[in-house]
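Encoded as structure tokens, the structure appears first; notes follow it.
By written order: A, B, C, D, E, F and G. Residues from 1 in each chain.
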Amino acid sequence: MTNQADASPEPAPGVQGWRVVVLVVVLGGLWLLLSGFFQPLLLALGAASVLFCTLAAWRLGILDGEAQSFQHLWRAVRYTPWLLLEIMKSSIDVAKLTLAPSLPINPVLFPARASQDSDLGQVIYANSITLTPGTISIDLEPGSILVHAITETGAADIESGEMDRRVTWMVDS
Amino acid sequence: MKHHRVLRIISKMLIPYIMLFALYVQFHGDFGPGGGFQAGVILASALILYGLIFGIDAAADVMPGWVLIRIIAAGVLIYGGVGVATMMMGGEYLNYSVLAAEQVAGQHLGILVIEFGVGTTVAAAMVGIFFAFAQRGSEDDD
Amino acid sequence: MFAATAIAILLTMAMALARAFIGPTVFDRVLAVNTFGTKTVLLIAVVGFLMGRPAFLDIALLYALLNFIGNIAVLKFVKYGDLGVLTAEVVRARGGKRR
Amino acid sequence: MLLLSHYNYWIAFILLLVGLYIVVSRGNLVKKLVGLNVFQAAVFLFYISMGKIIGGTAPIAEPGFTVYSNPLPHVLILTAIVVGVATTALGLAIVVRINEAYGTIEEDELDERDEPGS
Amino acid sequence: MIAEWLAMPALAPVVTQLPALQVVIPLLAAPLIIVVGHARLAWALALLAALAAFACAIGLLFLVLANGPISYALGGWAPPWGIEYRVDLINAFMLLIVAGSGAIILVYAPRSVDSEIARPRQTMFYALFTLCLTGLLGILITGDAFNVFVFLEISSLSMYALIALGRDRRALTAAFRYLVMGTIGATFYLIGVGLMYIMTGTLNLADLAERLPMVTDPRPVYAAFGFLIVGLALKAALFPLHLWLPNAYAYAPSVVSAFVAATATKVSVYLIMRVIFTVFGREEVFGDLAIGYGLLLPAAVAIVLASLSAIFEQNVKRLLAYSSVAQIGYIVTGLTLATTTGLTAAILHLFNHALMKGALFCALGAIVYRVGSARLTSLAGLGWQMPYTSAAFVLTGLSLIGVPLTGGFVSKWYLVQAAIEYQMWWLVATILIGSLLSVVYVWRVVEVLYLQEPPAGRPPVQEAPLSLLLPTAVLALANVYFGVETSMPLTVASRGALSLLGLGE
Amino acid sequence: MELAVDIVGGVLLAGGSIFLLIGGIGLLRMPDLYSRIHPAGITDTAGAGLILLGLLVFAGPTLVAVKLLLIFAIIFFTSPTSGHATARAALAAGLRPLLGRDMNKPADGGDKPSKP
Amino acid sequence: MMDIDSLYALLLPATVAIPLLGAVLIAVVGDSPNQRETITLVTAGTLFITVLALAFPFQLGSVPHVTLAVPIPALPILLRIEPLGLTFACVASGLWILNSLYSIGYMRGNKEPHQTRFYICFALALGSTMGVAFAGNMFTLFIFYEMLSLSTYPLVTHHQDAESRRAGRTYLGLLMGTSIGLMLLAMMLTWATAGTTEFKPGGILNGRVPESIGAILLLLYMYGIGKAAIMPVHRWLPAAMVAPTPVSALLHAVAVVKTGVFTVLKVSVYIFGVDYLNRLWSTDVILYIAAFSLLAASIVAMRQDNLKRRLAYSTVSQLAYVVVGAMLASSAGVMGAGLQIVMHAFGKITLFFCAGAIYTAAHKTLISQMDGLGRTMPWTMTAFAVGALSVIGLPPLGGSWAKFFLFLGAVEADKLVLVAVLSVSTLLNVFYLLGPVLRAFFRPLPADAPTGRHEAPVASVVPLCLTAFGCLLLFFFAGSLYDALLPITEGK
């Protein structure tokens, strides 16, 4: 029954060459970061590992724009600090709430507008909502996200639409 | 759960990195016991995650049962093969020292290959166990 | 300092464990166990520092991944009663038998 | 005092008994397997704790450490855990097939269902 | 002749590797079988591996007879630090028994397996069978207490899976119960090993034997011994820890019944023997620990009660299974007496019982192949329709009873002599009562085979095909051969007994 | 410098610890599943984040820092996903959230699907 | 070139091998009756000649022996000639010829099923008996003793019905039960204490085994030899009566019970030795049990109307004579026992042949049906009378010598109770064995019975006449038998 609401067309699987190249580069970089060894044997093994992972990703069909959307990388980097700040602010709010002896909560459930066109955008928005304490996304529907907020203030934050705008900017423009 | 958009997209993002991490543990495992085991489990977890999200049938298409079981076997053969190689080279079974001109290098090489065999087998076995339970009921088993 | 952090983590874990016992729904337990898991990741990392062995971080990393995948698997099990993807309708349409 | 000095063994021992109790007292086959796992875990704990040298750390080779826990028990128990996992997997596989063949995994019901047709 | 071959310089590279090859060949054959993935080829590979293992075992036995014990350092790490493979007379003999049983039962296997196991599962079956063989051989050859555990579990796990392949759904419950009991047994063993390791810091059996006497606090030594023996007794199905065995044997595929009955419990009894005599030492166990009666009484009760159970059993496989429990009783009785005669009897009976149960289960498997059931009633009148199979069954049954000119007689003879040496008349009586009870249960089958009319409506049954008959006959005749020409097993058993008692070889 | 590291790192660790404990308390105090996800989220975001950051300060620019960042990234991606999946599954299973002022009623009594 | 001794030594295993070979050949030709029976007769004849051939070197003072295998050190499978065994072998193999002849008539006449199996088992039983006769030690004897039990089991259960299965269980249960439970134990104890189980003149226990243990050993042996049918382990014998008559003859005269008493005698003479036996308290115990058995079985026999059952109880009684002789542990006793084995064999086989012939010709099994049978079956009933008189022990028939020596032994030993028992038993014998004879000759035929000669087939009648004649001959040629058996009484 959730599937009905969620039923969106399958993302068109388009494997684009540049995505593969970027993935190889990212994976390779990650290997070097993790390994910290530069002996020939380990480098060779690293190359083989990166190759294996890329091939496996291709075989699994997950090498599409939906997941390997490196084009948004730069905007994502700019979005993240804002999000982290939001998280900290909300965390403190919810912390106060939790410690208050009367537990002054007032949960609300409401559909928040989601202006992103792609599934990816909506997912990022949904996860951003959830990451921010005080609100969680419960269900994704076309054009909107069902949100559970622990207070009306938290709900109002979402309904202000700033996060929605920022995510849309990051993904859809 | 393919229609669970959050899970689908996040998993798709994570899987390549999980696999790379698995291989990293695999080939850097010689500083502690059981690198191969850990690596195998991580690698398997990538495919298991895939199977959870995209369905067992999709996962089984990528890694059919008959391939899986042969990979398990191949891992054991790799392990045993090293032993046979050491015997052929005049050492005792699994005496890696004889594998290379220098003893320590031989031991490193031996352990590396052995751990690779272990990792292969463990990965395939874990996926196989997952399939064995997850696939129940979806096939007629007579 | 690390020790104090580790104790805080342990206390949090204890609270999560309590929630896992109390429930009352299976989803509460899932949530609690998931929280317990992520705290375990932190604990491993902090203990690694405490003992001066940051190599433990590999294990923490591994644990974070497994915790996530395990959580998904449990949710899926709770939802379908098994790990398979076949819903009752699909099976019926195929004419197959199912417990 | 003597009791406390070997507290790790006592914990393992209690776990051992708990596991054994579950295996014996539970009719549900999956619960039996859970009990078996507890039982084995007790032994793993016993091995790991006996390998522990005071002041030692995990037996992962790293420069700068001279006192390690005795690595052998860890190696042994890693092997034993693998064996345990294999046992559990096999046990579960058998339970699944029992469920398919009998329609139940409760021990008393299994016995009942075998009686008439035997 | 074999000894001369083994001494040839050209063969030296192989001969020095024999202890490893003994295990490695079947160990590698198992995955190879899976990679090949074709039922017939799988069988051929399994058979080849078993034959190779048999050849290794023969070679090792001759080497040991000629040169004394062999030590092989696995991985080149010298014992006691590394894992040592150590072959002396007793385990060389046991290796021969196990590998021989495996080989001959594999010759027997394909027809029976075809009729009892679906084609797609056959590859897995042969792989598991080979793995099980590997585990058993490994247990025997290794000189490392923990390595024993690993091989014990390799063999046990593959055995559970093999049993679960049985056609009857009760095979599943039987396999599950065996799994639970077996795992508890193995874990107990593991605890025992751990305790010994704490006290001595070594896992090498020979090294343990040297260091255990230096342990000052006797309590952990007792505890270790207790855990080891209880764990192994579970695996060996020593009464009253035998409850897993009857159904496991009864509902397993026929080939598995034959192999497991011939080898598995015996290997565990061998381990008990090792623990008592090699690790702890006779004086320690029967002097300080005073466990003589602790093992002897259950063994004696097993002889009587299990034989009684066999008498009232309607399923012939279960009947034979209960008989096995009784026979384990005989073997343990022999080793508990802890004299040269007693140990000789125990080792001999390990050998003879393998021949007996191998032959009996093979004959029964041939019958199941033709009539599809092992129930006593479905054997009616087969004596005339399957004359050779039935004759093999009867002949081996006589050995089980302990009739002279069969192997069973020789081992029981020594067993009774051992009891007489102690003037334990009640034990003598128990052994003889056990034999009498075995007359009854063997004769129940004989009567049904020969003196009952075939059930109405059953089409005439043909004699079993040659591929089933031949191995059965070889095993059955071996029972007679080794009842008359006993010098080989007797020499090995008595020399082995002496060495176990530390009286030199 | 060393002192600065100790102070900054210590503060971060302490902050993280406090968030963890508060989250844990919330996990116990909140009346229903949906409201419990929020404090659980605090432990994974603010709590875990600050602690990892603290450790990062202690680690300095090393391989260890890379791994800490990776752990952070994984939690950053998986924690909301898990929370979302849990909430969604509960909702799909018909667990009714306590809303507005009916919080004082017995929690989690919802047995009918009540998707607004 | 082989010397004559080793050549003769080869004949020893041949006595076992010939019947076994015969069995194989019978199995090969299978269901062709003529070939089957020809082979049986040829085998029987060959065997008899072989046994006779063995008598020659023995007469010349050489003792052929051969070790077949040594399964356990100091426990070989050993064949050797000695007077008692040779005598027994002669009797058994000789009577087998007649028994075979008789079987052919009986089995054909009654159209019995499973005849091939019958002849195979018959031959196997004979081979086993030869093994018993020539066994050089207790171990070998035990082996062939068990082989005999096993090979006669299919004969007892020949009819494969519920009754014969039950009988088979009793038969095998008692025989194997006592032999495994007691005789084997006795043998093991013997080996453990004396270090050997070899049959030696004068015994092997003397000086090696204290009398306290020896006494227990004696009890174990005597009750372990179930085939000797000492009460209360005699029950297998009447139970086995369900079998066809030739089998009964085999059991009672040729092989089985004779093996039993033969073993009793062998054990007494060659394991214990007469001197040693005399020093054991249990010797008298067995003696009086045997005496009781002897009397009780006679009384039971009197109450049987079924002819074969009456004969069976008669056998139980007559076997007890042998045991009594052995337990008297004197020259006369042993001689009496030895003679009794031979004499009873001839007498009892005659009686069973007659019973079978009566069944074949007139289909009668009860004594009360035998009125006037002497007229329709004169040959048979005459032979019956001769056999009966011999078993009773009246001159001029062979049985009288045996009884004479037994009386002599009892008197010599001053055992007056025993003398009385033997006397009473003889009287009882007269009653129950001559009763049927008197009925047959002096009572009129029932009105509805067919009159005129109606004998069994010639193949049956000729053997029974021959054995009856044998009873007569034995009276006159007992001297050579006495000479032959003399060595065993002297403990040499």
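Note that a residue touches a chain if its C-beta (ideal position, glycine included) is under 8 Å from a C-beta of that chain, and two chains touch if they have at least 3 such contacts.
For clarity, every value in this text was computed on a predicted model and none was experimentally measured.
Touching subunit A and subunit F at once are the following chains: B. Hopping across touching chains, the smallest step count from subunit F to subunit G is 3. Summarising the inter-chain layout, the chain whose CA centre lies farthest from the centre of subunit E is A.
Averaging C-alpha coordinates per chain and comparing to subunit D, the farthest chain turns out to be G. Subunit B and subunit G have CA centres that are 78 Å apart. In terms of their C-alpha centroids, the spacing between subunit C and subunit F amounts to 13 Å.
Spacing of subunit A relative to subunit G, judged by their CA centroids, is 102 angstrom. Centre to centre, using the average C-alpha position, subunit D and subunit E are separated by 27 Å. Of all residues in subunit C, those that touch two or more other chains are 55, 58, 61, 65, 68, 72, 99. The multi-chain contact residues of subunit G, meaning those touching 2 or more other chains, do not exist; every residue touches at most one other chain. Listed for subunit F are residues 23, 25, 37, 67, 70, 74, 77-79, 81, 83-85, 88, 92, each touching two or more other chains. Those residues of subunit G lying in contact with subunit E across their complex are 69-73, 75, 77, 139, 142-143, 146, 150, 154, 157, 160, 164-165, 168-169, 172-173, 176-177, 180-181, 184-185, 188-189, 191-192. The residues of subunit D lying in touch with subunit E in their complex are 16, 20, 23, 29, 32-33, 36, 39-40, 43, 46-47, 50, 72-73, 76, 79-80, 83, 86-87, 90-91, 94-95, 97-98, 101-102, 110, 114. Those residues of subunit C that touch subunit F in the complex are listed here as 1-2, 4-5, 8-9, 11-12, 14-16, 18-19, 22, 24-25, 27-28, 30-32, 34-35, 38-39, 41-42, 45-46, 49, 54, 57-58, 60-61, 64-65, 67-68, 71-72, 75, 78-79.
Those residues of subunit E lying in contact with subunit G across their complex are 398, 401-405, 409-410, 413-414, 416-417, 420-421, 428, 432-433, 435-436, 439-440, 443, 447, 450-453, 483-486, 490. Residues 1, 7, 14, 18, 21, 25, 31-32, 38, 41-42, 45, 48-49, 51-53, 55-57, 130, 133-138, 140 of subunit B touch subunit C in their complex.
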